[in-house]
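Think of it as A, B, C and D in the order they're written, each chain with its own count starting at 1.
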Amino acid sequence: MSEGGKTSLQLGFIGLGRMGLNMVRRMQKAGIDCVVFDLDADARAKAAESGATAADSIEALIGQLSAPRAVWLMLPAAVVDKVADQVTPLLAEGDMLIDGGNSHFVDDLRRSEALAKRGVMYVDVGVSGGVWGSERGYCQMIGAPDAAYAHLEPAFAALAPGVDAAPRTDGREGAPSPSEQGYLHCGPSGAGHFVKMVHNGIEYGLMAAYAEGMNILRHANIGDSQRAVDAETAPLEHPERYRFDLPLGEIAEVWRRGSVIGSWLLDLTAAEMRRDATLENYEGRVSDSGEGRWTALAAIEQGVPAPVLTAALFGRFASRGNDLFANKVMSAMRHAFGGHKEVDTDADKG
Amino acid sequence: MSEGGKTSLQLGFIGLGRMGLNMVRRMQKAGIDCVVFDLDADARAKAAESGATAADSIEALIGQLSAPRAVWLMLPAAVVDKVADQVTPLLAEGDMLIDGGNSHFVDDLRRSEALAKRGVMYVDVGVSGGVWGSERGYCQMIGAPDAAYAHLEPAFAALAPGVDAAPRTDGREGAPSPSEQGYLHCGPSGAGHFVKMVHNGIEYGLMAAYAEGMNILRHANIGDSQRAVDAETAPLEHPERYRFDLPLGEIAEVWRRGSVIGSWLLDLTAAEMRRDATLENYEGRVSDSGEGRWTALAAIEQGVPAPVLTAALFGRFASRGNDLFANKVMSAMRHAFGGHKEVDTDADKG
Amino acid sequence: MSEGGKTSLQLGFIGLGRMGLNMVRRMQKAGIDCVVFDLDADARAKAAESGATAADSIEALIGQLSAPRAVWLMLPAAVVDKVADQVTPLLAEGDMLIDGGNSHFVDDLRRSEALAKRGVMYVDVGVSGGVWGSERGYCQMIGAPDAAYAHLEPAFAALAPGVDAAPRTDGREGAPSPSEQGYLHCGPSGAGHFVKMVHNGIEYGLMAAYAEGMNILRHANIGDSQRAVDAETAPLEHPERYRFDLPLGEIAEVWRRGSVIGSWLLDLTAAEMRRDATLENYEGRVSDSGEGRWTALAAIEQGVPAPVLTAALFGRFASRGNDLFANKVMSAMRHAFGGHKEVDTDADKG
Amino acid sequence: MSEGGKTSLQLGFIGLGRMGLNMVRRMQKAGIDCVVFDLDADARAKAAESGATAADSIEALIGQLSAPRAVWLMLPAAVVDKVADQVTPLLAEGDMLIDGGNSHFVDDLRRSEALAKRGVMYVDVGVSGGVWGSERGYCQMIGAPDAAYAHLEPAFAALAPGVDAAPRTDGREGAPSPSEQGYLHCGPSGAGHFVKMVHNGIEYGLMAAYAEGMNILRHANIGDSQRAVDAETAPLEHPERYRFDLPLGEIAEVWRRGSVIGSWLLDLTAAEMRRDATLENYEGRVSDSGEGRWTALAAIEQGVPAPVLTAALFGRFASRGNDLFANKVMSAMRHAFGGHKEVDTDADKG
């Protein structure tokens, strides 16, 4: 949390889910006056315990805000438009609507344009940090008109991890910039979610890089497997090379200190593997929640290659079985030209 | 089959499996005198019906050949070395040993060097055509010393499809070149299997291209699916775009005439899909038999990018479940940073 | 061209460019009465020489058609909407508007819906065949309401290559289906361009597969290169494996007969390489014209993996230098963690 | 550096380059008695300043060691075998030879087997840390017989960063394990370099993920570019979406705190971009130094998919122009089927 005294910023906050409630708590601690609403009365009560003012309805919430009013939505992407449509008529020139969820930046552009006609400023905040944000603080990528950014900066600063969360970059001196505290005004409306989208696209690539590496390590003992020889599967050419039983959890741990590939995602992997290095409680069906797709779409629209990020995305699709028909087509072709039958000798039972 | 009269070429031929027997028949028809051996007496008898001379043993086979002796091996890659070791001591300076199987070109280089010390010429022939070769003829990519190639050319010509198998390329006139008949002296020993290896690498890429396209066509009705909404899976953003039930078998057929993507692999796909466009008899476990791997290895050793060919290879590995642990690692990470659970809503049951 | 007698079909045809003029000629030969317009008077005159009726304006063209009127647009994708907006007000219930260009199927869905309100049927025809279509005939993938398809079928049949363009698929007997003649009613409006889009996506994959394979063949002599040793570049581990000077043009030719990878694209490659196997007149900047991007977007929206098709697309982007900044970022990282400098020893000067 | 008192370990150390000299210094500080040799007398002198004993030759170095003798080689991979051949005859049963460089694990297996015949133990240590190691300590992945590992552990502990270099993983308590201090006995000889190889493979994937993301961010203003319209290049479909001028250096900085993608590589990127966010001093020719290739080869030999790691590797090959001929092949095909010409409108001049 950034340092500094109390602020007089007031904020309406709609959506007290996993992330929203923690964000309100963090802002209240920093002296920001939050008026909150959620359909769930329990969540409202919890927020009230942190000092927030709970409102019974969106209308009531808006009614308790002083101009210029700032309303922060922290909602699933699918309902943002619906709630925004409720809020918008209650706002007036100079007010601000903030979307802190995971909207597509294209939707931001649309909303921003529509709201601008009413004099309302639209602000998109890409928030990273997941369930750890209440402890670590939230990294925020912000798209906003300058005036809105200036008004809301105390909230961003309150939510951010603060400069002490990492050593300063060589050459950065004096008062820490917002970027060093963990929030950044990236540009006009849409820019925040654009940067957050790419952030998540990168995340997919990083995760897949570790995952593929771990998979290779796990198969380092494949030379010890008894494998039936058949004409349909390439034999292991050098079984003598692959007789290592590697301690995956310890490897994840050792990479955390002094290596080139240390990262927060590696920290999490090491923690998961400490509990169970076989990960047998997972089935390996990897979901994707939008931003990875949008990143690939943006790259394609731009004409910019993104083979690694897209391979990571497609790996997730395939993990859910969506490559099945393609594979059947290839099996059918092999059968047609060579009489090849499908075999089961190379299956990974792990 | 190339035109021309009978030839006086004599050939020892070891290995009368699916391809070997048909090749002997084709050569006998062209007047090539084949002395054959196979462990299977039935296969020997069948070859004898085509006019070949069946020998009871490798020694007997060699004994019936006149110098310079030429022995063609048509064997699984895994046993070539073993049989070559039996044949080699029986050969003398000026003789030829031909490997018509799917050896790695690196093994050719090794064998060629060893045989050269004894004055024996090593010839590697990459043969494409699969089970269709007896009807279509065999495309042959040949690595050989010049003298061996010259001696054996009648056999290559007999096995080849002949120039009439395809329209002549614009600008090619006069007597058809060997390449136009379907065989080619690619270079010294090893060159034949090198070219065949890349041929198969390309084949993997072509097959995957059709397969991925067919998979996209098959999912063109995904907007009609009832899919449970959950926070873990990106929703289908435009269900209204994906309401087509496309006739896959008819599409494969229509592409066969006049389109840019017509090919023999497409012909086979159309034939398979005519029988059953759902391909429900296939499980989608796609084997790979070596050459695709070797092509990728060669590209990597050369420092030459092969993203398409390698993606096709990796798709086969994943079709057999070998991406499982990598996917578990990603699920574990997602759980760790976001509390995400694995869900089952986007599974392809098809 | 499909057999059969003269037809009484009448067609308005707008756009007499490279493909349009040839299509009109082919239809006129089949007895279809074309009323044509193009901004270019020369093109109109040429069409008139084939028996078509040239109109001086779009209005004049429409005026000469009998109900139900059918107007075929053969225009660059970028101007289809503009011309369609001119044509539409002149059409009435039961009339048909056909887009034979390369529209995105999403635009078809929009247009179809808009026209349906006026009772006008929208037909999208994906046409493959390139500059060769006038000779080979055109493969057509059609999205249309049933009534429009039935009305227009004589035109499709006239444009198609006809069943003799390829051997019949095993098991197909009796009167050839439309798909066997080279045209197919794929589904309602949009389905035609959807299938054509995927067709082109596959085309990208096929082309890249051949191209990567040829590149590996071309580097088969890399072991002969003198390469400066430096700490920044992985040395060639096995130079002795890569000493082949392969005849690329002859290889393309030999694969045309009897091999598994024979195709029309290979035929073209063999023809190009016969003229100059070094391809030195090309710079290797590979354009993309939309469908490959749309195919990737569709796969991503569907959640279907398309690693090969997308790798092919990204290879084109990179061929135009659009990977430059990403590469600079990697060089900067290498410099930062290892003091690595960029070197020039592994450059492909070819 | 791990805590604890002085140790009596003595070590011969050959190779005082960028990393070796710093490693000797770090070990001397921890009380390890190093006898050193390097061809460069200056380097020897510098090591002597740190308290090491400089030897004039390899023979002299060995002569000053007490049994069991341990000789650590810190040399370029290309000369390890040569120096090992000099050292080996001077070693006796119970002695140890350590390779701390970047050998391929396959070479380790070979050397280990050869040395075992003489009773000498071979130890491979994959060392990560780059030029930063003298400050941060070195992450070490060790393959060794148990006895050798036990003897050498004080050296590994001295070189390692120590547990304080990162917060302890949740659930790890009591005395820190070696993995928590930054070194790990991964398994028998070869295991250390195997794990280091995969470590570097992952590194390639991570770097490419950030690089691709940064490239997409950099092109976020592509909608503002004036681009000539031509028939050869897909137009930018939504220029209105891409009008952001994003502050790349600030974005790299903001991601360092609180985000999911924080990492040491990101720290380095932020530092590089602080100096010059355009990276104009780099040309974008990205070298690769072996391990990335070996990782891909291992995955392929295992039959394990590694699409992300391999795409990252191929991106480096392409950055050096090695995709050129493949691109010419595609341009030639496009010319052949469509009369397409290469154009220059989409070039990235940045």
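Miscellaneous remarks
By definition in this document, contacts are C-beta pairs under 8 Å (C-beta built on N, C-alpha and C of every residue); 3 or more make two chains touch, one makes a residue touch a chain.
Quick caveat: nothing in here was measured; it's all calculated off a predicted structure.
Looking at the partners of chain C and chain D together, the chains they share are A, B. Should one ask which of B-D and A-D has more C-beta pairs in contact, the pair is A-D. Most remote from chain D, judged by the distance between CA-atom centroids, is C. Inter-chain centre distance (chain A to chain B, centres taken as mean C-alpha positions): 44 Å.
Distance between chain centres (mean CA atoms), chain B to chain D: 38 Å. Chain D has its Cα centroid 28 Å from the Cα centroid of chain A.
Residue positions 130, 208, 210, 212, 215, 219, 234, 260, 264-265, 271, 288, 293, 301-307, 311, 314-315, 318, 320, 322-323, 326, 337, 346 of chain A are each in touch with at least two other chains.
On the side of chain B, the complex with chain A involves touching residues 18, 76, 78, 130-132, 207-208, 210-212, 214-215, 218-219, 229, 231-235, 265, 268-269, 271-273, 279, 282-290, 292-293, 307, 311, 315-316, 318-340, 342-344, 346-350.
Residues 260, 288, 293, 296-297, 300-307, 310-311, 313-315, 317-318, 320, 322-323, 326, 337 of chain D are the ones that touch chain B when the two sit in their complex. Residues of chain D that touch chain A in their complex: 105-106, 109, 128-130, 133, 136-141, 160-163, 165-167, 169-172, 177-184, 186-188, 190-191, 194-195, 198-206, 208-210, 212-213, 215-217, 219-220, 222, 234, 236-238, 240-242, 244-247, 250-251, 253-267, 270-271, 274-275, 295, 298-299, 301-309, 311-312, 314-315, 346.
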